[in-house]
Amino acid sequence: MKETDVIVIGGGVVGCATADALARRGASVVLLEKGDDVAVGASRANSGIVHAGYDCEPGTLKARFNRRGNEMMWRLVRELNVPHRKCGSLVAAPEGGEEGLRQLLDRAKKNGVRAEIISRERALDIEPNLADKVSSCLYAPDAGIVSPYKLTIKLAERAVLNGAEVVTEAEVTAIACVDGKYVLSTQKGDFKCRVVVNCAGAGAAGINAAAGAETFETEFRRGDYFVLDTTEGCNVSTVVFPLPTAAGKGILVAPTADGNVIYGPTSVPVAGADTAVASDALDEIRRAVPLTYARPAFNKCIRVYAGVRAIVGHDFTVEESRLRKNFFTVAGICSPGLTAAPAIAEYLVGLIGEKMPLAERSDAVTVLPHAPRLTELSDDEINAFVAHNPAWGRIVCRCEKVTEAEIVAAVHSPVPAVTVDAVKRRVRAGMGRCQGGFCAPRVMEIIARETGVPLSAVRKGGAGSEIAVIKVGEADYD
Amino acid sequence: MTDFDVVVIGGGPAGMAAALAADAEGARTLIVERDNRLGGILNQCIHAGFGLHYFGEELTGPEYAGRFVERVEKSRAQVALESMVLSLTDDRKVTYLSPEKGLVRINAGAVVLAMGCRERTAGAIALAGTRPAGVYTAGAAQRLCNIEGYLVGKRVVILGSGDIGLIMARRMTLEGAKVARVIELMPYSSGLKRNIVQCLDDFGIPINYAHTVTRIEGSPRMTGLYYAPVDERRRPVMSEEKYEPCDCLLLSVGLIPENDLLAGTEVERDGVTSGAVVDERRMTSVEGIFSCGNVLHVHDLVDNVSREAETAGRHAALYALGESETALHCYDARGERGVRYVLPQKLHADSGKVELFFRVDNVYRSCRIVAESGGRTLYSGRRLVLAPGEMEKIVVDTTGLDAPVTVRLEL
Amino acid sequence: MKTICINCPLGCPIEVTESGGKILVRGNTCKRGHDYGVTEYLRPVRTVTTLVTREDGAVVSVKTSAPVPKDSIFELQRHIKTLRVPLAVKRGDTVERNALGLGADIVVTGVPPVAR
């Protein structure tokens, strides 16, 4: 049985940030993820906003980790080469909304976050397409956007390069305490460790229960989104929120770090981590967007999706169990969880550092080796790459201009992409306007070839999602 | 100094026909094709029904493509395979990427756009529910079946009764899958009658007109879907929602000309066709850039694609060789009552008899097609039936044309 | 028998009946519709296009050289599935003559590109 210092349960952004932070400080780490890849839960389906932190209730962990996470984020994304843009954000208020903005400004001051209330005229300089009804805005210059799944994947990759092991399709089914150590059972075998960090997101309550740690109730709220074609990217300059309500930050209009635009999220109570998009939720977005944004372009939609926030009480939970020594619970990481992730990891390093020596390794990988993309290369670089490896000249995804070489590299990356969706999250093949209609069969062929499996074994994502389900001629005619 | 007189972007049916026509005029011609063989989407269209007009016999897609491939091989036209055009400029500089040569920049005397079209996706129609394995465009399923040799589902529902969807209903059935039903938003099919009869009726596959899929169920593999009738505004009547168990949904909900390359040019686009605005030569608003086939407007017969591409290819060659002559006066051609668009959208005076292609916006029975210019009737003819799924054609004489042309229906 | 005429976009719904040895077509609006109705009633035929497996496991597209009776399509399809074609097969090759005695040959219409 493999034994390590720490096991992190859950390959979302918090789990991957924690595994990364621990591995860079010399801990031996295994990350167990029940899905087929990291970033397959809330970390792949959210707004991708790096929040400034003005709206968190002062004094909460949310306020603290949001502000610290924002400070850490901009260096982190450069180290990891994750698409990002510090584009600021606006809260767009209609006439009569000034009081709401003042309350936010007050919170911003208490949270130590830069923000100011600006006139419509000034706001139009920042976002020219504000709706006519918008009369003033709260401007937060330190907000921005990041590719949330890319951030998660790159954190996992850096953890692996620093010695951590990421095990996917390893759902923790039982947790036993043996001689002061934990033994975690999964379908990939048993794993032993001194310290467990439960970052299981929507599944965190179940993990705590399995470990005999504190139990808690999780509330789930689904957020639905529209994704628009990159041709709309030029029409949205910044993140535009409406005034927040009790239900959350509201339906925003935002550019994405990869050049698309998103409209959403809704906030719909659901029973569990059910990410099925609801058509009435889409209608709600259709009604909400024109209130803040003057150029809704629903006809440029290329995809709808939904993610689920796991909410536990009013604040984040990041603490050691009082019932189970060396067992840490990280739960209720809803918004601004993406922004907060590096700060949560840093805080956990402090807590775990009381259990074992943790010190920044001098030999740790900090800056990830650059994974080149065709669209970022100069002409001379392209020709040099093609001369060395013809696969750089073979475009597989024509919408996003992704070459065979990039896909092959993703299949053999530190956290290997062995499903069509995993490839898509890493290199954007299938992320464009044809949504893989053209490239998916070719991506499948590459995965099959590179991993030595038949085409029929290649999956879209999780177990049971094979695409080529029957070989021609082998169907049962009766 | 140009590297080629005519560069044809795309080696499908349109590209091959355009290149052959350009070559026949003596132009130095290059086809740039992204796949590793010519033929385009025809290679995966293994069903019959191609070529009745062009070759006078019924061929399958690969056979139709094969005849053109043989002609291209015998011609002087050059072919760059596995070559993807990355950019095109108004002064006809074409940049493509290939594994063999890396980045290649060429100066073209004329460019013919022949990139075809792509399919509308589940995302484009904002399909609600889960996003599992099992939901594909009909064309992607066709490729996996007919080229790769795999079926993408065992119990299938098809949304949209476009021809590819209907063809795939038969294909999947023949290969042993069960096609539970076809669901069509409109009260009529956008596919050919022949396909309704021979792909659905022959196999007892039901079709629900004026219905739509309301949501997908199952994850990570599809387990079923809900569908419902729609009201006059095409909104689903949710109280009448029904469930259909299936592991696969194929989408045949429209084709969109693949004109992404035009982003780097000033070529004017038609909001209805999503293709370029062209004159009778199929030249766009940018001198020397021509367009034909499904990248110009979506056709229902490849025979028409080949003919149109020949027009584009020939005029591209004449333009590049400095032999192109047109009258100064050019007039708009546009659709009015009942006519969604007219192609070409521009007509030069005195360019002889010109075929005008158009599509109607609904099913019309027993009506008259009228084309007028400055109060003069250019065409008037009766039709028993007109349907949006079938492209219509009339011929007008452009001699002495001195005003815009309109095409309309009289009921 | 009820069907839809496929000769033109009109798509006339037609009904074919037989009484006293005489075939009656109703619903058609032209002569071609009548003839279509009679053929569909007496001996409906279809050209079958499908796939045959090549020695290397790839699929090769084929068609029947002539239309075959509609009610024999599935039987023919089952039979075609048992066939294997050699690697060197090319467009136009005959895979089998007079398959199942239906009077049509199985002819190759297209072959996939050679694997890289």
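A, B and C are the chain letters, set down in written order, and residue numbers restart from 1 in every chain.
In this section, contacts are C-beta pairs under 8 Å (C-beta built on N, C-alpha and C of every residue); 3 or more make two chains touch, one makes a residue touch a chain.
This is a predicted model, so every value here is computed, not measured.
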item: Chain whose mean Cα position lies farthest from chain C; value: A
item: Between A-B and A-C, the pair joined by more C-beta contacts; value: A-B
item: Innermost chain, taking as reference the mean of every protein Cα atom displayed; value: B
item: Approximate Å spacing (C-alpha centroids) for the pair chain B, chain C; value: 26
item: Separation of mean Cα positions, chain C and chain A [Å, integer]; value: 52
item: Length of the line joining the C-alpha centres of chain A and chain B, rounded to whole Å; value: 38
item: Set of chain B residues in contact with two or more other chains; value: 145, 147-149, 175
item: Per-residue multi-chain contacts in chain C, two or more chains; value: 51, 53, 59, 74, 77
item: Sequence positions of chain A contacting 2 or more other chains; value: 472-473, 477
item: Chain A residues touching chain C - in the complex, by the definition given at the top; value: 472-473, 477
item: Residues of chain A defined as touching chain B within the complex; value: 226-227, 231, 275-279, 282, 298, 301-305, 374, 379, 382-383, 386-387, 390-395, 398-399, 401, 433-438, 440-441, 445, 455-456, 459-473, 475-477
item: Touch list for chain B against partner chain A, complex; value: 34, 82, 84, 86, 97-103, 118-119, 121-124, 126-133, 136-137, 139-140, 143-145, 147-154, 175-177, 214-217, 219-221, 236, 247, 260, 263
item: Partner chain C, residues of chain B touching it in the complex; value: 36-37, 43, 46-48, 58, 60-63, 65-66, 145-149, 174-175, 193-194, 196-198, 201-202, 384-387, 389-390
item: Chain B contact footprint on chain C (complex, rising order); value: 3-6, 8-11, 29, 46-51, 53, 57-59, 61, 63, 70, 73-74, 77, 91, 109-110, 112-113, 116
